[in-house]
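Dropping the structures in below, format is structure tokens.
In the two complexes that follow, chain A is the common piece, with chain B as its partner first and chain C second.
Right after this comes the complex of A and B.
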């Protein structure tokens, strides 16, 4: 077990080295990207010759391998450089910095962490419940309905559900309650008062920390796309367990159905979804970029997008490493967890 | 309401085509195998017809719509459903920010989205199969190296991969290189299949034959201008070699297929990846052989063929990005299935018979794992469409004038709250197509479980 984990961690380090070297080479050998980096320093109106000479003087001073080595050694000790777009240090706490003592990555990861926390807190229980309810009786009407629902949510990526929610919940003119006049009067007395309490801003404010308003639409959007997949996996796993020998034995033994499901079926049925849930993290990184760009939520994904469209070299490298580490870490946890949860594998 | 009727009646070619398919398929459903069985599964059937709807929409886009998808008209700018253009034509779903007819762009969008997603998924599958079969079958170092590569690519979140390929490597050498590597997979597949089929004939000849094509392509790269003749010579030698083998081989159908497939795929590959053979270079030869008239005819043909298999830049970037992103997943699937299958009795039997390793992989293992592969292919096309939409949403990849759904959503999303008619149609279109594909995949899975 320990040897396995150790080997995986070693492999992860090799992967990170290979990937960063690839990105580093890609950016540093392409004339256009180098010019784009120079534009960040010299401004958009600079002629191409000046850009090229800046690149020759400031970037292409040493061989590629040496520069990569320098960047890597700096990175390893926490010196992730300055961001050209955000105009501040990228990582760590800097007591001498002005208003923002924490680096861009720290701040953005905190905001995205809160978003992800709420997404998982809502998505996982809902998905598991849907999956369990559907899988307990395979082929029933309830199963058909819930399965169709989960297929529908997996067919609705964030940029579609986000747009639909934006129109339905954040538009004064086309707000969903404008078209269903009965519901607001039914909920409270005044139509406009209710509309306001169901009216969400499509652009996150985030001035005074992260509020419910900022989180509502992004979380909702991400939950909708993520629920279906986990629910389907849970359903498949649950259905398989329910048709197994030991569950049949438990039922024939005369145990109440609830006890059979809770004590006998659920434990084994939840092993497979665990892996799926852990592997949702890499998927979430894509979703986070979409949702944060769409709702102007100032998190990691938005920083990644802004950095790469403006060719902010240090920021791109930092974001790449953070996302690769997240992916590798979740893969590791999911593999280890799978072994720990499954008694048959634990003995080996 | 009137608009709805007009929309439905405008779509008449699609309805006719769907009805035609149904009328032909329903009575013959017992004879059409897997496809026929879909007619017993309501969810799969609905999915199938949603997919067919969009395929016919792509085919008949020119007939269905009243407007040119890229033509801009001030009268339609930001106008809602039912807006009337200056020529008095009704734009059923209104116009977008630039005054283009949304209804028409929706159907032209299918024409952009479906071919890219299907071909990219197909190529990704061939890549996954070509790498996954040996990784699973040989294990050890082959597996270790290929798996490391696949896991490294998978360690990138898709969005980062897209940004790297489309934004950073846009004009660099990465895209042509990737195209060269990924595009070689189909050629390699056919070559290896041929290799397997004729495996018993002795190793030297086969090694030679297998190496000939890559060598020809490398030569093409170095020599450039002389390849047109040289390439065809090599292809001819290749064909002759196989025809001579076909004579002593039992499985003629497959053999002939390989003889045709290898040169054709090789030609397409060298054309797509290296823009070679350059037909213009044969022109003097033709002129010398057939005189002035022959040369003129040749020029006409050249004009027609010149754009054949030469991909557009923007579409190519998107294509490569999507293909590159989904190939490792398919690799893992094929590898796992191969690991499972290689212990079976029929594989052991083939090994005992002394069959060629490649023959066992492609003609024993691959056909027996086709069930899960077909289901996964369907799901993956759906996922590819979502990825294409993601690219469009970020404004990466295709030109801003392109009528694909992701780009439409991106253009309209700024004003989505005031003009929802600009974003909701493409959103629903994308959603319905992906939903259809997922339902089709679900139906296929249920059927494969029944067997």
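Right after this comes the complex of A and C.
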């Protein structure tokens, strides 16, 4: 077990090395990306010759290998450099810095962490419940209904559902409750209710930390998209377990149905969804780009978007490393968890 | 004798009467006359008076309410260090609340003195005397002096500084041997409070250049972000990609009188228009920087106030004349002929603007000469393209990836396909597009408006200048442009301009389909705001009717 974990961690380091070397080389050998870096310093309408001379003076000063080595040694000790777009240090705590003592990555990962926490807290139980209820009786009306719902939410990308939620829940004029009467109010006054409590902000201001208002629509959008996939995986796994020999035996020997599902079926049915749930962490990292940009939620995804559209070299490197670490870490947890959940693998 | 009609009391510039006559006779538009007369040192009131009009009263301040913070949605860019290298209007907008320009270009297209109290120009536009406004204080307690103004102008003239676009605006001060201001060309007299500019060659655009967004007067030796300035606000926070805040500086006596807002908060909601609409709906902002043409109807529909200004901002779909096959003039002419500018305005900008004539000078410029109308001739274009042997040739057509630039360029591509060419559309995000914008073979570029028609021609089409994206190299054009820039008399200049415009049309280096109207929206409580043709924010007299 320990040896396995150790091997995986070692592999993670190798992956990070290979990946950063690749990105570093790609960025540093392409004239256009180098010019894009220079544009950050010199402005968008600078002629190409000026950009090239800036690159020659400021970037291409030493051989590629030497520069990569320098970057890597800085990175290893936590010096991730300065962001060209945000004009701040990228990583770590800097007591000398003025207003923002924490680096961009720290702040942004914190914001995205809060978002991801709520997404998972809501998405996982909801998805598992839907999946279990659908999978227990395969082919029933309940199964068909829940499956259709799951497919619909998974098939609607965040940039569609996000806009729909924005219009329906965050627009004064087109708010959904402008069109659906609130029955008691309608009966007593004949008027549609103005439901201010159902009005949500479509942008995160994050002025006073991260509030419910900042989180509501982004979380809703991500949950709706993510629920369907996990629910369908759970359903498939549940249906398979329910038709297996030992469940049939348990039912036939006269155990109550609830006990069979809880004691015998669930535990085995949840092994597959567990892997899927762990795979949702890497998905979060890409999903948040769209959702955060759409709702102006200032998290990791939005920073990644801004950094890559502006060729902010240090930020791009930092974001790639964070992504790799998240992916490898969740895979490690997923593998270890799988071993723990599955007794057959534990024997080896 | 003191002449009340001029800002400094100096005699009226000799050509002003001629312009006034032209304006009264309808040869010069009211707007053009106002720009020209005020650029020559006439007060706005007198300029209106010469047309027999009363100057519009300044926003009646008696009912203005004090207090409140104005929240504005705007991109917050990095590089907030040195005003002369500002490359985005947004940078200038934040800085302008505490750093002020010498001259303002108003939304009426006039020039009004700001940190100057006035200026005079000699008859051939080779010498300007700038009078520094009295009683202007820096917010560190010192008084603004003429030599500090001169220090700024000298820095503008440092052409070797990377990204210093002011050098092009004060080119007539620069000694080509040193790439700095020529010795003796900037003379400050602190006792008299004047700065005298002795130009190397006649230049009518000096005052206009001093009103542009990088032309903010900085305290010698201080970076912009340190916040030392003359304006009524104080910078409290600047965080690229996030936001910027300014408070009214109550410790500082601003020369311009009352300021109503307690402060200004700029908030960066990114580039997705949905986020900005959401911000309006949520009451997070009062005002935006700009409403894209395709968003105007949405914002109107949601009940926000619309602001509009017709401008010299435009898009050019230009060909790089050094790159084959665009070195073939006949092909370029056929390409231009195949395109309908009216259609491009309708498809590319929702019809919000004014059709232009492929020579980058328009009716908002005082020296604009109307040429015979141009129109699309698809049959002729098809035939010429076929005769030249280009039928079926694949051309790369580049553009940015969003908004009117994308849509307009798409429409150009579609029309050229109809004319028998094969168009390979290449769409790029800003970061890659701008790395090669001057050398793309065939691509679209947006240009902001400049007060004078000669200014943009000089920036973009003179042989060998930095921003010459067409590689246009025509000594005859350069000579005519030099002549136009030395002609203070607008009628005489118009005659030269007619030749220049015809030359640009005939050389067919670009499709310049339309002039854009610019829009912004606000919530109803914003009072006293006017959309500026160069996106400038002037908030001293803006107030909130909460």
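Observations
Rule of thumb we're sticking to: the second predicted complex is superposed on the first by the 335 of 348 C-alpha atoms of A that agree within 3 Å, B and C clash if a C-alpha of one lies under 4 Å from a C-alpha of the other, contacts with A are read in each partner's own complex, and residues count from 1 in each chain.
Basically, a residue touches a chain if its C-beta (ideal position, glycine included) is under 8 Å from a C-beta of that chain, and two chains touch if they have at least 3 such contacts.
The structure displayed is predicted, hence computed values, not measured ones.
In the superposition on chain A, no contact is made by A:20 with either chain B or chain C.
In the superposed model, A:46 lies in contact with chain C only, and not with chain B. Once the two complexes are overlaid on the shared chain, A:100 sits against chain C while remaining clear of chain B.
Touch criterion met: A:156 reaches chain B, while chain C stays clear of it. With both structures placed on the common chain, the touch criterion links A:309 to chain B and to chain C. Contact with both chain B and chain C is seen for A:166 once the two complexes are overlaid on the shared chain. Applying the stated contact rule after C-alpha superposition, one finds that A:35 touches chain C and leaves chain B untouched. Of the two partner chains, chain B and chain C are each touched by A:293.
Applying the stated touch rule to the two superposed structures, the overlap between the chain B and chain C interfaces on chain A comprises residues 32, 163, 166, 170-173, 202, 293-294, 305, 308-309, 311. Listed in rising order, the residues of chain A touching chain B in the complex are 11, 14-15, 18-19, 23, 26-27, 29-30, 32-33, 147-148, 151-152, 154-157, 159-160, 163-164, 166-167, 170-174, 202, 282, 285-286, 289-290, 293-294, 301, 304-305, 308-309, 311, 316, 319-320, 323-324, 327-328, 331. Chain A meets chain C in the complex at residues 32, 35-36, 39-48, 50-51, 54, 84-87, 99-100, 162-163, 166, 170-173, 201-203, 205, 293-296, 298, 302, 305-306, 308-311. Interface residues of chain B, counted against chain A in their complex, comprise 43, 148, 151-152, 154-160, 163-164, 167-172, 174, 382, 386, 389-390, 393-394, 406, 409, 413, 416-418, 420, 423-424, 427, 430-431, 434-435, 438-439, 442. Within the complex, the chain C residues that touch chain A are 78-79, 85, 87-88, 162-163, 165, 237, 239-242, 267, 269-270, 272, 274-275, 277-279, 281-282, 284, 301-303, 429-432, 434-439, 466-467.
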